[in-house]
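Once you scroll down, you'll see the structures, which are given as structure tokens.
Two complexes come next, and they have one chain in common, subunit A, joined by subunit B in the first and subunit C in the second.
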Partner chain A sequence: MIKISLCLFLVSVPFFAIICSAFSEDRPTDRRVLVLLDDFAIKSSHSIFFKSLETRGFDLDFKLADDPKLALQRYGQYLYDAIVLFAPTIDRFGGSVDAASLLEFVDSGHDLILAADTSASDLIREIAVECGVDFDEDPTAMVIDHTNHAVSETEGHHTLIANDDFVNSEVILGSRKIEAPVLFKGIGHSINPSSSLVTKVLSASPAAYSANPKSKLSSPPTLIGSAISLVSVVQARNNARILISGSLTVFSDRFFRSGVQKAGSTTKHEKCGNEQFFVELSKWVFHERGHLKAVNVRHNKVGETDEPSMYRIKDDLEYSVEVYEWSGSSWEPYVAGDMQVQFYMMSPYVLKTLSSNEKGLYYTSFKIPDVYGVFQFKVEYQRLGYTALSLSKQIPVRPFRHNEYERFIPAALPYYGASFSMMSGFFVFTLVYLYTK
Partner chain B sequence: MGKSATTSDVHALFHSLRSAYAATANHLKIIDLYIVFAIVTAVIQVAYMAIVGSFPFNSFLSGVLSCVGTAVLAVSLRIQVNKDNKEFKDLPPERAFADFVLCNLVLHLVIMNFLG
Partner chain C sequence: MARDLGILIIAVLVLAATCESAVLSPVSESHRSAALELFSPADGSYGSLEETYEALKTFKVLGIEKKHDIRTSSCASVADTLKSTSSALKDFVDALRVNSILKCELNSEAVRGTQSRFKDSLNGANSLIDFYYSIGGLVLLKEQMSEVDVNLGDADRIFRSIKALGQSDGRWRLSSNNPESSNNAAGIALEALAGVISLATPQIGNSLITTLKNDILKLFDGIERYDDGTYYFDEKHVGARGHQSPLSSSASVVRGIAAVAAATSETLNLPGEKILGLAKFFLGVGVPGSAQDLYHQIDALSYLENIRQVLWKLTFFRALYNKAHPDLKIYSSDLDFVAALVRVSTVLGSPAPTLSVRLMQIFVSGSKDASVIDQELKFDAVSGMHVLETLPKNIDVGSYVFSFEVIFHNPEHKKTYVSGGRTRVLVHITGVIKIDNAEIVILDGDRGSVETQKKLKLPGDNTVALSANHLQKLRLSFDLSTPFGNAFKPHQAFLKLRHENGIDHIFLVGNSGKKFEIILDFLGLVEKFFYLSGRYNIQLTVGDADMENSFLQPLGFVELDLPDAPEKATRPPPQAVDPYSRYGPKAEITHIFRAPEKRPAKELSLTFLGLILVPFFGFLAGLVQLGANLKSFPKSTVPSTFAILFHLGIAAVLALYALFWLKLDLFTTLKALGLLGMFLMFVGHKTLSHLASTSSKLKSV
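Up next, the complex of A and B:
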């Protein structure tokens, strides 16, 4: 009896350790990733991409998308931190998973990589629409580009595109420049251009359009030019990151290893930019880069160290905050020159750019305006590729007490002078009046 | 012709006023000078307020009140002390002066309080 319970205890200790190493606020990088596939051939045909994830420490769990034992959560806890959905033709998920539960998974702050392809099912399109991305409605359409396609012996319809129209962001695509163009063959999608949450990472060239390559064009295509996005990312307001790609073959080993030559150009690259592009992008999606946290918001009167519970108008105060960025393994100081703090009550009365000490501490000092009320220190920091920082700290500001006003008002000096001159005039007058004959 | 007549009339009027005024008693002239001083001070304060604005309004009122109040009290002293005034024939001028001093004391007390 004791032996069994001892064995159970010993077995459960590593179990607890595994639970503790999962996604947590202190370590925002995902750990357990569910990979849903159409069939297991994809596991071997995309092995370079999966191996790059595994070498970075992710636990990949490969399952068929219609596996009847599929489950995302058990007893209210999510079993995975992120999902890679490489099943473009799936019509119905197996087990307890469906479009709604997937979207709930993303809504709870987890990440998603979604790849559609030429035969994308309605289910995949529906999930993409809920994420903010509209695939072309025509099921036979592919992205065709007659000027920017890759030189190839097998492809005659110019659907294999070589594209280097990347988004200009070092956070999303890494600091090393991607020299070679990226090969793409699949469907295009459009995003809402006024949305600040969706970004086109790889957009099509102005000469591209989305149409069926095998039939003649009967009417002008709806998706044309740079409005077509080939790969987009969505960063939700709860900082969940979604990568949506219009092609599954861009992740394959065949594309990762192949060289590329753009039609009309003489440079032939030995290796196309796909591997670097998608590996760096997966680092961003899984929060290994660009994840900020702000700690230690402090404010105090100039010359003091403790935080008062109330300020007075025309006080001088100092404000400081520390911002760190997750580097994949540790929190590094985040250095930028454009973080601003507002002293806000219905509208910002003071707006100052915070100065940085290069070690992640941002500080500034200013004089409280001549208005009393309940103010907030607001820091709203939203930059492309970084998690949104939205800090707010409330502080009341009181007016002068009656003994805090100036004793003598300089503007009233003539009146003071006149009153005293009247008094002395009265005194002189009495003397003169009494002592003259 | 008419114009020179009116200007000479104005001159004549002025001269007669001056000569009549010269006939007043000395102590009344001292009071008049005091009144003029008070009014001029009041006018200066009003001009200052018109330029700068009425920010410490209580100080402005206090300063102007001190000048106007002084002028009023001085005028009442002059009325009571003037021997040609039939109404105050029986009032001793010392009594009038004592009243003047007392009222001025109260006035300046009020002014100092309201000056801020």
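Up next, the complex of A and C:
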């Protein structure tokens, strides 16, 4: 019995080693991606997208979403770093997977790409809601836009939308500008206005609305105008990233290869922006961009190099931190001009923008306030598309010691003078009093 | 009529066979460019002979004349494979397949060697794959080398042993000890059996062929169907060769059936509907992204054409407005701009035989009413399209379903072509909608009298500035009519009021006939508006799929004066925060230090120091004045020593105080003071008692 368990242990050690090396703090890019499909035909019809993932080094594991052997974890370890959920019609996952376990997967810092479609099931909607995104409740509704649709020979309801209202963020969409509009055909969603984690990446035009194109409207649609989001991303606090699209077709080879011409516009683009848009977006979701780490947080008194255990009020101090961004293969210095440090006790006493040496080192110096107590150095760096940096380091600040106050105050000279003249007088008086004859 | 249509830019659109949603076009340029992209050889050759064959076959079917820069390397690899004795059977077959396209010059000795290998393995074969490759190889040899003797003496036995692997549902097992059957294997088996039939001398008995045909029909019974009439062969089980996609297994079956059809030269009487459905399936994939899928798709479609040609009706409704589309030359003379173009082709995009297309029925979209029309479309030989030159009279802007039917001129073609019966096509007839009598009015609540009235230009720039209170009403009205003067009801007619703080209120504009009107009674809306007074921007959106001039138009604003909110009124919902502002850097904070206490100028302190010292000097002067002296200082040695020590002690204490002020702390000072104190006590006692005894002596004297 012992032998067997020993064997098992020896066999499982390298197995766990593989798992551990796949996703770590040091290499945040995902490696193993589970692709859940409704139908294996999607693997072929959306192959350009999958191929772009594969050529970037991802290990795709294609499974039917209702595969009875489906499992996300084994022996408490997750088998995958990310899930691509291209199964808009799935009602129930196979195996041990359900909405809760999928959300737990995300809660543990893993990434998700979710595509819904006109026939999106309640399960998919439920997962989306948990991610802060509400799809239009009407199952027959599609996003319609009569002024910004794509010119098409085959689509007459104006549900094929050519949209170029992108989020203005280089980190999410890459540094190359997306010239051509993105084709979209699917359902819209709204994002919770109070949620600070969800961001619209592709929003509909002001003239768009979400309704069933085949029936007359009897009441105003719930989703209308640029409040409709077509594609959204979530950057969770634990660095998990989620991409939610109201359409699966937008990832398809047909759309990737298609040209686009916006209605009312004479420019015809040879190729629509879908491939660039979604490939860049997938790079972001799988942490090939915008993943920051901070190292070497240091602080010391000006003129010293060691980190003290305590500061005194009104000390001059220096603070520095190094920040790097993961480029998909290595950590590159992160250069920005808006990194800020706070000297914080209940509320920030000092908030200062750090200077940068353009090589990832951020530094500043300031004088400690004349308030004593337990302070924190805080760097709360939250930028659109970047993982949040939240550093805090506690440091006590003490008041002056009794002998650190100013000793010889000029204004007190009359008092000093009075004492010493008194003392001299006393000395003289003792002599005179005792010995005068 | 033509004049009426002057502003009716009848447009574009739409199509699709039977089902309105799926739009499938036959194999076209995009397949060709995809093929060139996917099958691009690395370093002048493909990875394997199988891949080479797939590339060559795809190119051949698509009619791509690729420069044969791979010919030399591929032929060399074919020759190598055939010469080698260690190659697997599959490699031989792949080599021969490549050769069948490239027609390399081969050493006939080597070929003869392979022939014996095929025969040997055929005799020892027991799994389907072995049969398939051996027979496939022999068939290829027969095609390529007429001098090679490939005839099978015991064809019947081989036929029966392959047949033995078949299942009752038409599917096949890969080998006798593998219980799982698959459609993919059925395709392979059919191909092998077709090979046996073509190689057999004497011919295979008719009864065997009949059972084979029955098997095929049974296989078709197990075909899967989508709602839109698409048929495909699914693969349930995952075999040793990994999961076969529906595409590859459907392609395999089609290949098998085509081979059987070719070998038996008999009609198989396959249901035309299912053949059409299969074609739909292969075309429905679109342009596949992987080389292998593209090969399966194109190869299968080419075989489908061989079995029965599937006619594919690609319907265009083109805006034949001669200015907008000067490149389209087909339009009739009496109606300048309108024509429906119907292109009929086979799945691979080759032209159809002579036939006529008739427009049979027109349905108004969404209703069952059909107007029956039997109108033949004119065939334009130059473009190869069928043209609907005149639209029926009662057609106006809107959505219709046109039903077309294909009629063959030659009745023989009915046997070889599958046309799929009537094709229903969703057609949007679009046009510019006239908007008249647009006005926006503020009405007085009680009497309904007009307070303010503003005419609007729609579409156009409008900036009306209105003001109203909660007792008044706002009325917006406009007329919509089609170019023919009929009423038009757009899908989207929204009035949007947006408050300054970003809260939107949407209203549908209803109509009665041509007239669209909405009355906003602010009294009833105060609650909905959250009692928010202020400026509301007005925006009107009118749009429809059939409306060429859909617009989104800001109209101006209305300044609303609403009563104050009662305590229990609902609060307006929170508005989304602009993501860019949410993330920006925060304003810097610098700590404001406590201001140091105000101090007098140094000069003032020094002046007062001087004043403070004045009494001391006055004291000294007074002493001098009084004649103070030290005459009674003890003269004898011992008392004078004690007196000096006493006074030095006092001076030391005072100096200690000064030191305490300058640098010492309290503890050092007290310690020193204690020692000095004891010393002082001693010497002080001595000095003072001496002084006391001297003075008492004096008194007593």
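Following the convention adopted for this analysis, the second predicted complex is superposed on the first by the 387 of 437 C-alpha atoms of A that agree within 3 Å, B and C clash if a C-alpha of one lies under 4 Å from a C-alpha of the other, contacts with A are read in each partner's own complex, and residues count from 1 in each chain.
We adopt the following convention: a contact is a pair of C-beta atoms (placed from the backbone, for glycine too) under 8 Å apart; a residue touches a chain by one contact, two chains touch by 3 or more.
The model shown is predicted, which means the values in this text are computed figures rather than measured ones.
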Exercise for review: Kindly classify A:Pro414 by the partners it touches after superposition: subunit B alone (first), subunit C alone (second), both, or neither?
Suggested key: both
Of the two partners subunit B and subunit C, more of subunit A gets touched by chain C
(message) Output check: A:Pro193 vs subunit B and subunit C. Expected answer is one of first, second, both, neither. What do you get?
(response) second
Which of the two partners, first being subunit B and second being subunit C, lies in contact with A:Tyr75: first, second, both, or neither? neither
Footprint intersection on subunit A (subunit B / subunit C) at 409, 411-412, 414, 416, 418-419, 421-423, 425-426, 429-430, 432, 434, 436-437
As the complex stands, subunit B meets subunit A at residues 26-27, 30-31, 34, 37-38, 41-42, 44-45, 48, 52, 55-56, 59-60, 62-64, 66-67, 70, 74, 97, 101, 104, 108, 111-112, 115-116
Given the complex, residues on subunit A that touch subunit C span 40-41, 43-48, 50-51, 144-147, 151, 153-158, 167-168, 191, 193-194, 196, 199-200, 206-207, 209, 211, 213-221, 224-225, 227, 252-254, 257, 314, 338, 340, 342-343, 348-353, 366-367, 369-371, 382-384, 403, 409-414, 416-432, 434-437
The subunit A residues in contact with subunit B across the complex are 409, 411-412, 414-416, 418-419, 421-423, 425-426, 429-430, 432-434, 436-437
The residues of subunit C that touch subunit A in their complex are 12-16, 23, 30, 34, 243, 245-247, 285-290, 293, 316, 366, 399, 426-428, 489, 491-492, 494, 496, 504, 506-508, 539, 541, 543-545, 547, 550-552, 573-577, 579-580, 582-591, 593-594, 599-600, 602, 605-606, 608-609, 611-613, 615-616, 619-620, 623, 628-633, 643, 647, 650-651, 654, 657-658, 661, 665, 687, 691
